[in-house]
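Several structures are given next for inspection.
In what follows, chain A forms one complex with chain B and a second complex with chain C.
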Partner chain A sequence: MQYILIALRNLSRQRRRTFMLGGAIAFGIMVVTLINGFAGSFVDNVGENFSQLLAGHIFVEGVEKTGTREVRVIRDDDVLTHTLEEQQIPTRFISRRSNFDAEIVFQGNTIRQNIVGADWTREEFLRERLNLVEGSFDELTTENELGQRQGLILSKGIADRLRAQVGDTLTLRMRTVNGQQNIGDFRLVAISYDPGLFGSLSGYADLAYVNQLIGLQPGEYQTLGIFVDSISQIDTYFEPYYQTLENRVQVFPRNQGEEGQNQVEALFRAAEEDNWEGVRYRLYTLNDVLEQVQQIVDLLNNASLIILLVLFFIIMVGITNTFRMIMIERVKEIGTVRALGMQRHDVMVLFLLEAFFLALGGALLGLALAGITMFILGLINLGLDSAIYILLKNGYLTFLLSPWQVLLNFSVVIGLTLAAAYVPSRKAAYLSPVDALRA
Partner chain B sequence: MVHFRNLLLVFLLGFGVIFPLVSQTSTDRGQAILTEVDRLSNFEDRDFSAVYTIVSDRPGEDQSVTQARLFRRDRNDQFVILILQPQVQRGQGYLQIDDTVWFYDPESRRFERSSLRDDIQNSDAQNNDLNRSSYTDDYTVESMTEGQLGAFPVYLMDLAANRSDVSYDRVKLWVRKDINLVLKEENYSVNGRLLRTILLPRYVAFGDRYLPTQVLIVDEVNTGQRTQLTVANPSIDAIPDVVFTRQYLERVSN
Partner chain C sequence: MAIVEVTDVKKTYPLGKTEVHAVKGVSFSIEKGDFISIAGPSGSGKSTILNLIGCIDVPTEGTVVINGQQTSGLKDREITELRHQVIGFIFQSFNLVPVLNVYENIEFPLLLGRKRPTKSEHAQAREYIDHLIEEVGLSNWRKHRPNELSGGQRQRVAIARALAVRPQIVLADEPTANLDSKTGEDIIGLMKKINSELETTFIFSTHDSSIVSIADHVIRLKDGLVTENFRKERTTTR
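And then the complex of A and B:
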């Protein structure tokens, strides 16, 4: 205890030096903590935003194959929903969607866009997620004289490229599920903000009209999306669901992809290449879709660790030099305490304790500064039209820190500081008391 | 009164019995003409190769020119399309083996599944437009009338797809009466809207077979969008078997 007090007193004796060294450590920790915090919320925010746009956490697609003919359709989902209930998977919502790849034609301009058919009377969350620049959701459910709901929502980027405005009638060219050419008129009822990096991902229309254009019957659709109660439990719920379905219907085997190939990509390739006939279901999760996002997060975390190591290599050089100076400054002091009976080991402990408290103080200060910075950044509304909207939570930056990541950073910093101070401390400990007093 | 009843009977007989018979004869004749259309434009007993130049005009965009070499072996339902131009797409190719069409990209060195219905290099032309004619396989004649198209007396035929996986659900053909060659074609969507018009003003004869050497495809949805195909160096010389393989596409693309 006494050594601790002496170490702290020594640190306070040279406040400016302590502040500079501790400040350097704090800066390093702050930068790394900010990167870690951003990476931590990256997956959650992207996952949450994507689950809203894709309408689910677990996805099931039906594929009918006859010869080389492949039709993507779910005609009857009883077994799918029944298994869900039977497995007692806590489900928040089930979405049923169809989509087609369209060429949108408007006044000589053309653009390709995926169009998703959603049930707007049920998918309330999509209304919350899609932030509109112009127009409203109300007209999506307005029927024309043929009973068709021709409303269409496009992102701002797509609408601008087409030079289309709310109220304009657009012609969309698509293929039916059998591959036949078809065409449909849509009325642009709203324009949404581009959802950032993945802007222009999809346009949205009414499910029944989309089904009619792609040749599906009422009640049929292409993708069943299941929202479970917790995004972190997706894999836990998925495994038993997949295994049970595997025994009841034909499903595409998972984990068949080549090395480095995305799970979803592998599942789609399997449908094309495998020699099979009948009805099969393709099951995948949001985590499969976001596999590459997780890779980005791992990359960010690894980059932050490298930054931490580079920063601290520079700081270590400073710490080693400073402790050498401290040793020279305190040579007489060391000689005195050694002459009074203090052991070499105790001298070294005293120096190392000083280094430890310097590192700990710097790390704590860095963590506090990172916290303040995160708080301030979290208050700034980057806007719904931000280029990084998909990474944000309702337009705000969020940070999520894992305690283990903080502990790892602290351990690295303290470990490196102690290593940097070790050589000068050892030198101080091994000074001869007589030489030290004479110096 | 009896007289009127007899007249009504004759009238009903006329429409109820004779008209369907006439109509039946007309569609039967139409089907025979369609078979002749296919026969005249297919090379069942020999190979066929040519260089196609595809010029596409899209409103607001620069004209794009694609050149492709086509190899066809109709008797085996095989074809290879090798892109020669533009330079950035040079080496890409399509290969049909049985019912499957593969697209080869030399950059990724991978074959991706494609379709006869896919567009060639973002033009209005589809793989199918360069392939053998198969009206009789895909369509049934619903009605046929006679008319005139420019200087040519023609049969105007309404065709309905007999399978749900044919690109166009309905097709209208203007077929020359003297030699059964298609001069004009209209393609319709599932919901009956005109999608594209194809004009075939020029043919070249190879013995008793004919090949359109100029084809104009007009996009009826996007006004101003059109594609013109012209054929150069047509040949019916035998093509080595190796051409119709994946290895050939990989080799010539390098």
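And then the complex of A and C:
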């Protein structure tokens, strides 16, 4: 309509002023969009990286209880894998792992560390995810005269604290699944990069050797990790799997979303508290593990909204002042159009349209700038040895922007701009036509 | 039939602690289709009277009736509607909308109506605007913005704009004051020509006695009072 045309042309009258204000709006939107974009891919990347380190999206652990004795073991996973097939859950890979809490003793230093036993001939992806500072994966599978694969990978932080070098032999103390003390020798074959976030990485060793040390028979293990075909579909696949298993074997009840209760912690506590006997399975997903990561993301998004609000309350002052100035500059025009028969309401609409397009233009520019910045940042390889690598995707920053988030930001900016322009616009509309014409 | 009836109108402006009596009690009526001059020296109240007739100001006392409609007591919405439908304005300093070109300026009042025009109404409006542009002699300037035009040309645009909604009354407060005398005469001549052609009532103010003679009806003011109210019998061809 013609009013839109007039509003747009009015904006172009004072180009510098328009660019200043529009630029301020664009800057605000750009900063917030960048934060949102980063936060958006945060969960995905952390999830992707975690799923590789933990070797799965859906996890099943077995617990055997007789009297007060509790043994963490899966002796037979037929029902677990069979149900998976029967439910037609598209599975990319299934990992089988055991782990133990170790006390590593080396030259008078003692450190506690979780040691994961993985099947290195099958878990190719773990080699890609673990970035080695020193050493190589090759020796992990080297067998000693007893047929044991004693290779061990420790994170750099742990190795440094132990003052251990690649090639050193370390003695690890652990408990078997039955609670007896045991000791095993390991050879440090590689040192991995420590991402530094979310605690230290586990140490990695060979599954068969770990099983032997914790008293499991060949073929037994502790955690089944299931990779489904899409990380975003975890919950969709998990529900039917859990429900079907529930009817076939004993499973630990999942915490029904109690406030502030972490699913994984709750599951572990249930094993100790409850009075039961037999074999039970503990099922959880990557999303349960990532709950805290999601909280960080929510925090980031909320912070960005607050930044947006603060930034825009400052910009609003500028907009209010500018529109007050505009009103004074155009007072005679206002008198003229009122004399010609323009209603007060329409005068206001004309001013608000101008504010609207200013905000929209600024916001679109900001979005474009954010897009360009994201593109450029996304081209830089920060490397897999970067401390924030757990947030990256193969060493690259990625951004994921939800259209709803963009819409929210735009609404906030446009809403606030209109609010800022409202009072001056109303004043303009309520000027007496004679007084305006005489001015 | 009287299209404007002004009865016992007074207008007082507050000025600091005192008051200015701009119009001190005037009565007159204006006939439809007349070409009226409101004459008088500076400060005599010409603009005040025109503003009251134009419904952009309200009298302190007395009544103004436009086209049979009592103007006092109307809501702003109604009075704005009345201005839009009945009155066209020509200003001393042209007051064109700077961001609109000649055609758009003339079209502008047509966009202020409440209801959306139909396709055929729109086509009619286009034709009428083109006719007006031709009438005021600006066919070659349709796409130009006001700042690219001379004063005389701008006032021609203003005349065309005032006529766009086919108002019954066109008010012009010193339309020639910002123009040289030759251009001013042309502008008055153009207004007179349109007045005869369209039967539109023109009311213009001036303090230049040389252009008063062209008017059918002269209302002379001094110190806020009417000193002369003279109407020639028009030789109409109606």
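Quick note on the criterion: the second predicted complex is superposed on the first by the 432 of 439 C-alpha atoms of A that agree within 3 Å, B and C clash if a C-alpha of one lies under 4 Å from a C-alpha of the other, contacts with A are read in each partner's own complex, and residues count from 1 in each chain.
Heads up, the rule we're going with is that a residue touches a chain if its C-beta (ideal position, glycine included) is under 8 Å from a C-beta of that chain, and two chains touch if they have at least 3 such contacts.
Every value quoted in this text rests on a predicted model; they were computed, and no experiment measured them.
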{"item": "Clash or fit, chain B versus chain C on superposed chain A", "value": "fit"}
{"item": "First (chain B), second (chain C), both or neither touched by A:Arg173", "value": "first"}
{"item": "Touched partner set for A:Thr68, first chain B, second chain C, both or neither", "value": "first"}
{"item": "Touching partner for A:Arg92 - first (chain B), second (chain C), both, neither", "value": "neither"}
{"item": "Chain B, chain C and vertex chain A (Cα centres) - angle in steps of 10°", "value": "150"}
{"item": "Touching partner for A:Asn109 - first (chain B), second (chain C), both, neither", "value": "first"}
{"item": "Touching partner for A:Asp346 - first (chain B), second (chain C), both, neither", "value": "second"}
{"item": "First (chain B), second (chain C), both or neither touched by A:Lys332", "value": "second"}
{"item": "Chain B versus chain C as contact partner of A:Gln181, first or second or both or neither", "value": "first"}
{"item": "Superposed arrangement (fit on chain A Cα atoms) - minimum chain B/chain C Cα distance in Å", "value": "70"}
{"item": "Chain B and chain C footprints on chain A, overlapping residues", "value": "none"}
{"item": "Parts of chain C lying in touch with chain A, wherever the complex brings them together", "value": "51, 54, 56-57, 76-77, 80-81, 83-85, 89, 91, 95, 97-100, 104, 107-109, 111-112, 161, 165"}
{"item": "Residues of chain A touching chain B in the complex", "value": "67-69, 105, 108-110, 171, 173, 175-176, 178-184, 213, 215, 272"}
{"item": "Chain B residues touching chain A - in the complex, by the definition given at the top", "value": "58-60, 99-100, 113, 115, 117, 161, 164-169, 187, 189-191, 193, 195, 221-225"}
{"item": "Touching residues (chain side chain A, partner chain C) in the complex", "value": "1-3, 6, 9-10, 12-13, 332-333, 335-344, 346, 432-434, 437"}
